[in-house]
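The next block holds one structure in the form of structure tokens; read it before the comments.
Letters A, B, C, D and E mark the chains in the order given here, with residues in each chain numbered from 1 onward.
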Amino acid sequence: QTYKFAVVPKAMNNPFFDVARDGCLKRAKELGNVECIYKGPIEHEPATQAQIIQDFITQKVDGLAISVADVAAMTKSIDAATAAGIPVITFDADAPGSKRIAYIGTNNKDFGLALGKQLAQLRPEGGKYAIVSGGPGAKNLAERVDGVRESLKGTKWVEVQGSPTFCNDDSALAIQQMSDLRTATPDLGAIVPIGGWPMFAPEGYKAFVNKNKKDIDAGKFTLVVADTLKMQLELLRDGYSNALTGQRPFEMGEKSMDTLLAIKKGQKVPEVIYTGLDLVTKDNVAQLLK
Amino acid sequence: MASTGATPVLELTGIGKEFGAIRALHGVDMHVHPGEVVGLMGDNGAGKSTLVKIIAGNFRPTHGEVRFDGNAVHFYRPIDARAVGIEVVYQDLALADNLTAAANVFLGRELTRKFGPIALLDHKAMASRALKLFGELRSETRPDDLVKQMSGGQRQAVAIARTRLSNAKLVMMDEPTAAISVRQVEQVLSLIHRLKEQGVAVMLISHRMPDVFAVCDRVVVMRRGEKRADKAIHDTSPEEVTALITGAKEAA
Amino acid sequence: MMTLPLENPISFTNIGRIRWWQRGIFASQTGYVLLALVVLMIVMHFASPYFFTQGNMQNVAKNFSFIAIATLGITFVIITGGIDLSVGSMMCFSAMITSMVMVELSAPGSHFVHLAADGKTVVANVPGLILLISVLAGLCTAFIVGLVNGFCIAMLGLSPFVTTLGMLSIVRGLAYVVSNGRGSFPGGPDADYFYALTSGDVLGVPAPFIYLVILAVVMAVVLHHTSFGRHVFALGGNEKAAELTGIPVVRVKIEVYVICALAAGLQGIIISGWLGSAPANMATSYELNVIAAAVIGGANLAGGLGGPLGAIVGCVLLEVIRNGLVLAQVNSYWQQTLVGVIIILAVLVDRIRSRMT
Amino acid sequence: MMTLPLENPISFTNIGRIRWWQRGIFASQTGYVLLALVVLMIVMHFASPYFFTQGNMQNVAKNFSFIAIATLGITFVIITGGIDLSVGSMMCFSAMITSMVMVELSAPGSHFVHLAADGKTVVANVPGLILLISVLAGLCTAFIVGLVNGFCIAMLGLSPFVTTLGMLSIVRGLAYVVSNGRGSFPGGPDADYFYALTSGDVLGVPAPFIYLVILAVVMAVVLHHTSFGRHVFALGGNEKAAELTGIPVVRVKIEVYVICALAAGLQGIIISGWLGSAPANMATSYELNVIAAAVIGGANLAGGLGGPLGAIVGCVLLEVIRNGLVLAQVNSYWQQTLVGVIIILAVLVDRIRSRMT
Amino acid sequence: MASTGATPVLELTGIGKEFGAIRALHGVDMHVHPGEVVGLMGDNGAGKSTLVKIIAGNFRPTHGEVRFDGNAVHFYRPIDARAVGIEVVYQDLALADNLTAAANVFLGRELTRKFGPIALLDHKAMASRALKLFGELRSETRPDDLVKQMSGGQRQAVAIARTRLSNAKLVMMDEPTAAISVRQVEQVLSLIHRLKEQGVAVMLISHRMPDVFAVCDRVVVMRRGEKRADKAIHDTSPEEVTALITGAKEAA
């Protein structure tokens, strides 16, 4: 018997979910009896995601893996799907109060804490820092911001006014904002983008870094960036950032398929599966790039 | 003839209007009495339509004062002028192309029927009333046709029909007969006669000398924004007026 | 005024009878898009067996009602020749205010909810009052935004595009500010009424659909049988003429933008009831869908043309495309391309008409 | 034809001299928005001492050039009274095609790159050829999309809004399809030329800014000193009249949409050079910014008005607002609100003019 | 007088046009010879403008055939008609409001100067040529003013000036004198005379009886879409034509 599992990302225009999708597709192919349908709203917009879930319920797919765009909204949809007999798991972003069977992903608070900790370790002497975030409405990003702030609370790092800036997942805008932040506060000690957006535009990012190369080499300006896509690792290797903290979206995709299949087969699955974080610096980048 | 003793309905003193560098009007004095038909003539671009638009509250004059019914008035919008009893047939007709002829005639003063608290349009009454008005003008205009699809003359008939709806004190017609056919021209002239009999003041702008001489009591000639002549119709002749319009004669 | 007796009443010898298929809806873009819609639904039926199931039809009915009420509102604006880009943000902001007020009023200690002796909360007042007040608060916000839009456009004479684009940004920003980016959730004792009224159904017909039908009928009457409606069309046909014939242009314009904002606000409140949440990024970029629905249904951005039936047909078409492509399991990347192709094809059908005349 | 001798040549006695401040730019929205821009820049200077630093000015110059070329293109469309919502998608798709072709041609074994004996790749042909071909490929794609837009609008008579909204979806979908959602990166031996041409600078002036200035000058000449430009304006003023006076309306319309698509394509290619990547979500919803920039600068969506200077002023204004608010360290939630407020205020300045006449 | 022996420039047979249920034209036969001036008269909505628009390639006829210079022609667009030598002054003038008077006169056939491969507009030449054309018409119209800001008569002068640019074989003028002043009317009539002398065929639509009788060789009367009369000017009288227009007399 073959199963049709639908994977619903928060937004299809985010490269992060492309990696998760690739994980799903690869795993589905390996499993053989699983088909992975990848479909979500183009932009991060909860109502559209809810409508798409409805359509999958109508279509009677065999399982749903959802990256939750809005907890309250999705709780209703998840419960509706469960009522229709479709098992639901969440990945990347959770809806803890819902009837979802399992969550696969990272703890975003921990993610933020890790980013902060990396910065504190690299530059214990402290300074001014700014955060670049994606969209003001995304809960997981808000948690990361909280994490960063919390872990830097006891240190000598202080956040500048106007941080975080929101780039709406737009790479060009993220880099423009980083330049502006640096111009606004010339003694800015660090920028922490809590998503990989600026590095998704490698040339623009390099141009920005090259302008500030002197300060970076002198240890006066530090870049700790979230996510560990291949291009980001290469940039780190080439000295364009000081540290990266990454989730494992590919694994999230793979595990989603495994978990849904296990549920279908009546096996018991753990309720929360953390895929873990990768903490990358110059020292271990080569190993991750392998 | 006009009762020159009574207060004029309309009195203009020193009206001037500039559009940037163009001096469209300059120091125009004029008055119109109730029941008087005044012809306003002048070359193209002499400022006739501009004058009408100032009186109708469409533009505000740069200089001068407008008095209506004895009081100084300042119209900020056309609706203000309409409220005191000024009706205008504009040269560009002011029609909403996407509406029917009947709807255009009644624009801004639709007939409604009350259904409890709600006033709904009385389509039938408007259509039949409009048909009657077009009939009076001898115009073959169908009330339910869209104005967009109408011929030039039919459009003009719609614009003229509008002025018949209210009890105006002053009716200004800016070239009302330009596009209409012989038979309707007669009707418009007889309409002006009837207005006059009812004591309504009429200002007729036209390039058609015979029409002006047929209905007007007085003729005012404009040239390049200035008033050049203001004569009772029996004191002048078409030849003189033509000479004044073209500038062959400077003033009279 | 006295009327002349007519010697011979005018007759029109060269006017034939207009055949039924040359009149009304059959001669309008709305009619032809409706035709395209029917064709599309038949195609979808063959593409997916689930399409014509009762459950899915209910879904479709609900989903399209979600943008249709806002589309009715914007149709007024489009008929006057204007545009309102702030509807998406407005939907979000109204929904957010409504649920924030609902939660606020439901907090123990407010004027509406008291703590009983046993520590449980007790609603002190009439049931439903909290709901009523919070919905009114949401609509009030919409009213104010609509008023500001209308004021800038009608009184100050700013371009509707720029004004409402600015307002899009302002309103969305305010939604972030008031909720601190977090969104809000309806809550308190009246939340259940709220959910029943927004996502419940009557004999299988979703509640939003019922509201939509009522509003569409009201709109049809207002547009075609009241002076206000007449003035709206006149404004779109020739604004200058409307001004000259004494139509209160400024007032009508302001009213139109207020109606649009109210419709968007109501729409947002209904959506938030269905979602059970008013997230801060709700309805992002819905303005394009809403305008597209109106235009596809036959409203003309140049003004002077449009109506409720067209608005609804446009919304149904967009929803059927969206829903159908998911059901038909089209590759999601191709879906987006197909959505575009079908939208263009649907309005292309209308060209048959011009070819036929 | 023979001309009558004039007895007395026409003279205009009631025409004064038009003062310099009543003429040209000083009597246009563009002029007043420029004024607003200057005021805004002064305010920003006091809000942040870093605003007028050389580095920041370079940044501003680069950033606004990023949407300004597309704005020049869409200004043509807007002058004819049309609209093009597909510019954002077009930017992305052209950029993607360019970098994919560049990578493809640079693959060892293609016609352009061979493996030398020692296993290293050798460019066999003229340096820069790969770059040229790939940029042409990107522009060609834009050309085709523009042609389809123009065909649907001019020949089939579809509404520009609906057609280009459909095209927005189609082109974005295709970008996802060809890249499988992953985006693409310029690569190969010519990538360095590419980066130099797109993100380099000449004596401190960013390259995109230079392209922009050249294109703006060309556009000014085309609009005001060629028959084509004249026809573009006539189309926007009165399409019916344009048709009646024998202007090839269909051709002009198609050309205008092609120009717009090409400008958007070029813009996209330049951006991708600066980014070093052509992500599939690049330039999402930039269409609204681009249209807003044109409209703020004085183009009229009703047609017949607009120009390159206005387009540029609009873009600079939007960029200064964005940059300035970050520099002034305004709370991010309030930023969005302020952007909207400033946009509205900027066009409000233009009302001074109507008050003065 | 017209050389009735030669082939007519324009020959219409059985032209019919329906707009939905409105039969605007029905079975119209007509011919115009080179150097002949034909007056087309009729009530409002009689179908005159529709006939002009069919000949000018603006509408396609529902029935019937148009022959130009002896060949059957099918105009798909106005530009096709212009290409064979048909010039039209439309009743609604067909002006682009946002352009200057000079730009409007030269619309679609701008004067250019070559700079290498590039042809740039010759603004000066167009302005001076336009000024001369307006002068010929005795119209106080400034070439560099926007048409938007012009008076009704100035607009009409711009539309008339256009026809003077090409060597047309047939010039059709749909109420060219409706909005213009006495002096310019004379100029338009003398312009028609000059065209006639040059062997150009002219079709004049007007509601002004004296104008038609002053310049036309022949008058065609339409009523409700049908041709009711086609008479040489010296075989008829204004009274007869009026009767035909109003329907008092059925046909002649």
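Remarks
Criterion: contacts are C-beta pairs under 8 Å (C-beta built on N, C-alpha and C of every residue); 3 or more make two chains touch, one makes a residue touch a chain.
As the structure is a computational prediction, the values presented were derived from the model and not from experiment.
Counting hops only between chains that touch, chain A reaches chain E in a minimum of 2.
Chain centre most remote from that of chain E: A (centre = mean of CA atoms). Chain centre most remote from that of chain D: B (centre = mean of CA atoms). Separating the CA-averaged centres of chain A and chain C is a span of 35 Å.
Centroid to centroid, with C-alpha atoms defining each point, chain D and chain E lie 43 Å apart. Chain B and chain D have centres, each the mean of its CA atoms, that are 48 Å apart. Distance from the chain A centre to the chain D centre is 33 Å, each centre being the mean of its Cα atoms. Of all residues in chain B, those touching 2 or more other chains are 22, 138-140, 224, listed in ascending order.
Chain A has residues 12, 42-43, 136 in contact with two or more other chains. Contacts with at least two other chains are made by residues 15, 176, 181, 285, 335-336 of chain C. Taken in their complex, chain D has these residues touching chain E: 1-4, 6, 9-10, 12, 15, 221, 224-227, 230-231, 233-234, 236-238, 240-248, 304-305.
The part of chain C that touches chain A in the complex is made up of residues 48, 50, 53, 55-56, 59, 63, 66, 176, 181-183, 185, 271, 274-277, 279-285, 322-323, 326-327, 329, 332, 335-336. Within the complex formed with chain B, the chain E residues making contact are 19, 22, 42-46, 48-50, 91-92, 138-141, 145, 149-154, 156-157, 175, 178-185, 207-209, 224, 242, 245-246.
Those residues of chain E whose C-beta lies close enough to touch chain D in the complex are 56, 58, 77-79, 82-83, 88, 90, 93-99, 103, 107-110, 112, 118-121, 123, 131-132, 134-136, 138-140, 142, 162, 164-165, 167, 194, 198.
Residues 85, 152, 156-159, 161-163, 165-174, 176-177, 180-181, 285, 288, 291-292, 295-296, 300-302, 333-341, 343-344, 347-348, 351, 354 of chain D touch chain C in their complex.
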